[in-house]
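Let me give you the structure first, and then I'll get to my questions.
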Amino acid sequence: MKTDFIFDAAQAIQRTILANEHTLESLDREIGDGDHYINMKRGATTVVDMQAELVTLSPEAALNKIGLKLLSTIGGASGPLLASFFMCMSKTLKEHGDDSLPKIAAAFAAGVQAIIQRGKANLGEKTMLDVLIPVATQFESLAALGHDAKLIASALTKTAETGMLSTQDLIATKGRAAGLGERAIGHIDPGAKSCQLMIEAVCQLV
Amino acid sequence: MKTDFIFDAAQAIQRTILANEHTLESLDREIGDGDHYINMKRGATTVVDMQAELVTLSPEAALNKIGLKLLSTIGGASGPLLASFFMCMSKTLKEHGDDSLPKIAAAFAAGVQAIIQRGKANLGEKTMLDVLIPVATQFESLAALGHDAKLIASALTKTAETGMLSTQDLIATKGRAAGLGERAIGHIDPGAKSCQLMIEAVCQLV
Amino acid sequence: MKKFINKVDDILVESLSGFATAHADLVALNLNPNFLTRKNKAHNKVAIISGGGSGHEPLHAGYIGVGMLDAACPGHVFTSPTPDQMLEAATAVHADKGILLIVKNYAGDVMNFEMAAEMLPFENATVLTSDDCAVINSTYTTGRRGVAGTVIVEKCVGSLAETGADLAACKALGDKVNTRTASIGVALTSCTVPAAGRPTFDLNETDLEMGVGIHGEPGRRREALREADAIVADCVEAILADFQTKNIATSQTEALLLVNGFGATPLMELYLLYNTAAQLFTQHGIQIVRSLVGNYTTALDMAGASITLCLLDDEIKQHWDSPVHTPALRWKM
Amino acid sequence: MKKFINKVDDILVESLSGFATAHADLVALNLNPNFLTRKNKAHNKVAIISGGGSGHEPLHAGYIGVGMLDAACPGHVFTSPTPDQMLEAATAVHADKGILLIVKNYAGDVMNFEMAAEMLPFENATVLTSDDCAVINSTYTTGRRGVAGTVIVEKCVGSLAETGADLAACKALGDKVNTRTASIGVALTSCTVPAAGRPTFDLNETDLEMGVGIHGEPGRRREALREADAIVADCVEAILADFQTKNIATSQTEALLLVNGFGATPLMELYLLYNTAAQLFTQHGIQIVRSLVGNYTTALDMAGASITLCLLDDEIKQHWDSPVHTPALRWKM
């Protein structure tokens, strides 16, 4: 993995977030407090603005910097979760290297584990994890099977979408929507939607 | 004058106020604070509710009672002004008698004088006085000329209407609309409107 | 109209009852006629009584207590109280040194308090507050409305009365504070009088009313909604122009800056307004040494705010700072 | 959206600056990261730090001062603050007896404060407030939100810390107050997050949201607007049921009743709600001996209110009554 790729990914993420303002804002208005778009935009913009600083760094150092910066920029529930993801992914890459798809997949999965630990949530609780967990699992197994990046990217894009859509029928048991009970049904989780969008945007770069 | 007539007049006034809710409320919303209808309704209803007490009294005693009651019921600008009117009319009737139209006209004019004194306003300041002063003047002169009650009633009804309409083109220099300057132009004064309605209602009883 | 009410006719009494229960340590409520007094009658001082239409809470009942008012007479919503209220309140709180009536300058309030004053069996005087400088095309006080500056007058006069000062001195201080105070308000939305059931005026999404009154009376002009800084700049200019008209020097003076919410404006926005107002006044050589930010003189559920500047002198500052203990203003006790 | 703002992105810093200027005698503002501290650093006590998304003013910065908080960390509007704010605030106010974090129970707040706590180089503990009993179908605290009762927790813990009590004692009192406090809110209108520019939820003219959160989160149910008395009765019932679930006896206990406005509800209506709530609780054998009515934990410009009952014991009562001097809560000093 190259730091350039990370920066391209950041720009692609910013584009998709900005392009989906209405969707993200509406979703968080329906079952949250309406700030998810603003939070994600603030995070994405901050990372893109770090270009000069990032390009001088190794991939894992860049990811760690991004995590730290997001931690002090996003706030809300998504801030510490996404920050934990990047910091843990960085740590794993640093420990095991980043010179193969299986290593990158393992680092991605470690990042998702960090989100699970920080938020104490799991699959089926109507959060971003309903996208991230299946994507991480599939990423690891496809990479282990030696599939090429393009195929993996296209598979993950579909899995992310399926995961995102699955949140529609769930009752939330974590996060701000946890109080809604039945009323949350019929609404897609905003964090699941933004994660799906980000995964899609990054996979298109592959 | 009979106390019965006073009570009938009170009922007629209440009817016309209630029937003109929208007009009175709108006018006071446009250049005042929106409560003139509520104030007048409260006053009229209170007087009508005094029936049992009023019918036992002489006309001048009834008018005084009405004045005192309005003083503690209406509030706002119209309260003390209308109260002063009734109390002063009562006093004048008591002093000079109520057995002829000229005497009643004089008492009415005295009541209007009391309003002038209390409010320190005069003709042309966009208040109820733009109705009351011309009506009082005409009442006295027609009564002095010996015209009959029906003719006087119909003349006063017209004069009240002319006076009321005249407020439309005036700038207010007294009352709540005094701050509006040019912006008051084009709006009829709510107190002028309610006085015109009351005069019309009472004249129709004659 | 969306309000927490039961029957429209009961709103006043129910609200007053809640107020009196919540502050039973400070105030006592009399119904019919309606007035509120200090729980513990003060002695040997000028009794300070204010009142006016309801809907401006915490004005006036919220300012009853040590260091401020002895009694307040609430009228119906936006309708001045009636003389019988003032008479009974005065009888209840009179403490042998006369009665000072603090009255906001509205035709209705002035006349009702005037009639009460004429009937009062006690020595009395009246301070008319007329701090609203929104109204320009009028002689000095006719049509000049009493608004949020009234709180400052009540605080200072209340403090002086507590020292045992006589009626003339209390009136003189009240008049002085009023003269040295100027206010102007801006509405973003209308208020809705409960009994009327709909907004007093129509203001579309892109307009504001500059110079609005606390009953929703129209102000100087209707204009397009602008940046907060531009709105505040106009308010500051109006206030400074007012002092100039009154021939009162503002430069190098100390001042109290009050940013008052009309009822539906969040504190966050009030502090944002304060920020700009303080900067602008400072640029004009005024030293803001005292501040008050919050809902102190409201207009029911109106979104909007007013800016008030009171030019201090040692006497006013001393009486502003002195201890006060009321439901809505409390310090040093 | 009609608000007093300049640029949407500047609203927080401009408002904080106004707040810090208006209360320069009490608080100091640090920008970037954003936090506020007491003007005069306290010594030899547990430092009490709270924080959360902005838009709930006066929570939390309005409660900085003697007898309450040492510092507050404001996030963006309705977005929890970030750990760097808490870290720097803690470094500024740490006074050798550890740090107590008071955190409203929202996933975002909990996680950000948790990360800060893990990084803090000082002994620390956290009190999570979760007084909102609107949410029924959930395990005890997951999804139970911290709302207006947080003010009572901050007041009592702040008072205890002032006595020199240790961290464990402060945490224990905070937890106890939280357990003995239950709240529920009702919205008549939505709030509008400035950056979003339109209402968070749609509520038509004839509906209300029962159990709404202070960020406009949906509550128990959407239902038809009713008489205030009927609304209050449902709130009182929810609060009493909550104490029953928690196995805390309410009958014959003394209590503090807080009727809190969400930002756009006039004081007149809040006192009307108070009136009914106090009557109903009294009928249930609860003695309302302390009261607070006003805008203490708001939701920007939402019209609505919450009712909070805190069951007192001698310790809680003593710490509620003790002197406090902050921008938004002040007595006996």
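Chains: A, B, C and D, in written order; residue numbering restarts at 1 for each.
Basically, a residue touches a chain if its C-beta (ideal position, glycine included) is under 8 Å from a C-beta of that chain, and two chains touch if they have at least 3 such contacts.
Keep in mind it's a predicted model, so treat the numbers as computed, not measured.
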Check your understanding: Smallest number of touch links from subunit A to reach subunit B?
Key -> 3
Exercise for review: Treat touching chains as neighbours and tell me the shortest step distance from subunit B to subunit C.
Suggested key: 1
Check your understanding: Rounded to the nearest whole Å, what is the centre-to-centre distance of subunit A and subunit D, using the mean of the C-alpha atoms as each centre?
Key -> 32
Practice item. Can you check how far apart subunit A and subunit C are, centre to centre, with Cα atoms defining each centre and the answer in Å? Key: 54
Check your understanding: Rounded to the nearest whole Å, what is the centre-to-centre distance of subunit C and subunit D, using the mean of the C-alpha atoms as each centre?
Key -> 29
Exercise for review: Two or more other chains in contact with one residue: find those residues in subunit C.
Suggested key: none
Check your understanding: Residues of subunit B touching 2+ other chains?
Key -> none
Exercise for review: Please categorise the chain-chain contact pattern as a line, ring, star, complete graph or other.
Suggested key: line
Review point. Mind giving me all the chain pairs that touch?
Key: A-D, B-C, C-D
Review point. Of all residues in subunit C, which touch subunit B in the complex?
Key: 33, 53, 75-85, 106-108, 111-112, 114-115, 134-138, 142-145, 193, 195-196, 200-201, 213, 215-219
**Study point:** Contact set on subunit B toward subunit C in their complex
**Key:** 25, 29-35, 37-39, 42, 71-81, 83, 118-119, 173-181, 183
**Study point:** In the complex with subunit D, residue positions of subunit C that touch it
**Key:** 2-6, 11, 14-19, 21-23, 54-55, 57-58, 62, 188-189, 205, 208, 225, 227-229, 231, 257, 259, 263-276, 278, 288, 291, 293, 295, 298, 300-301, 303, 305, 330-333
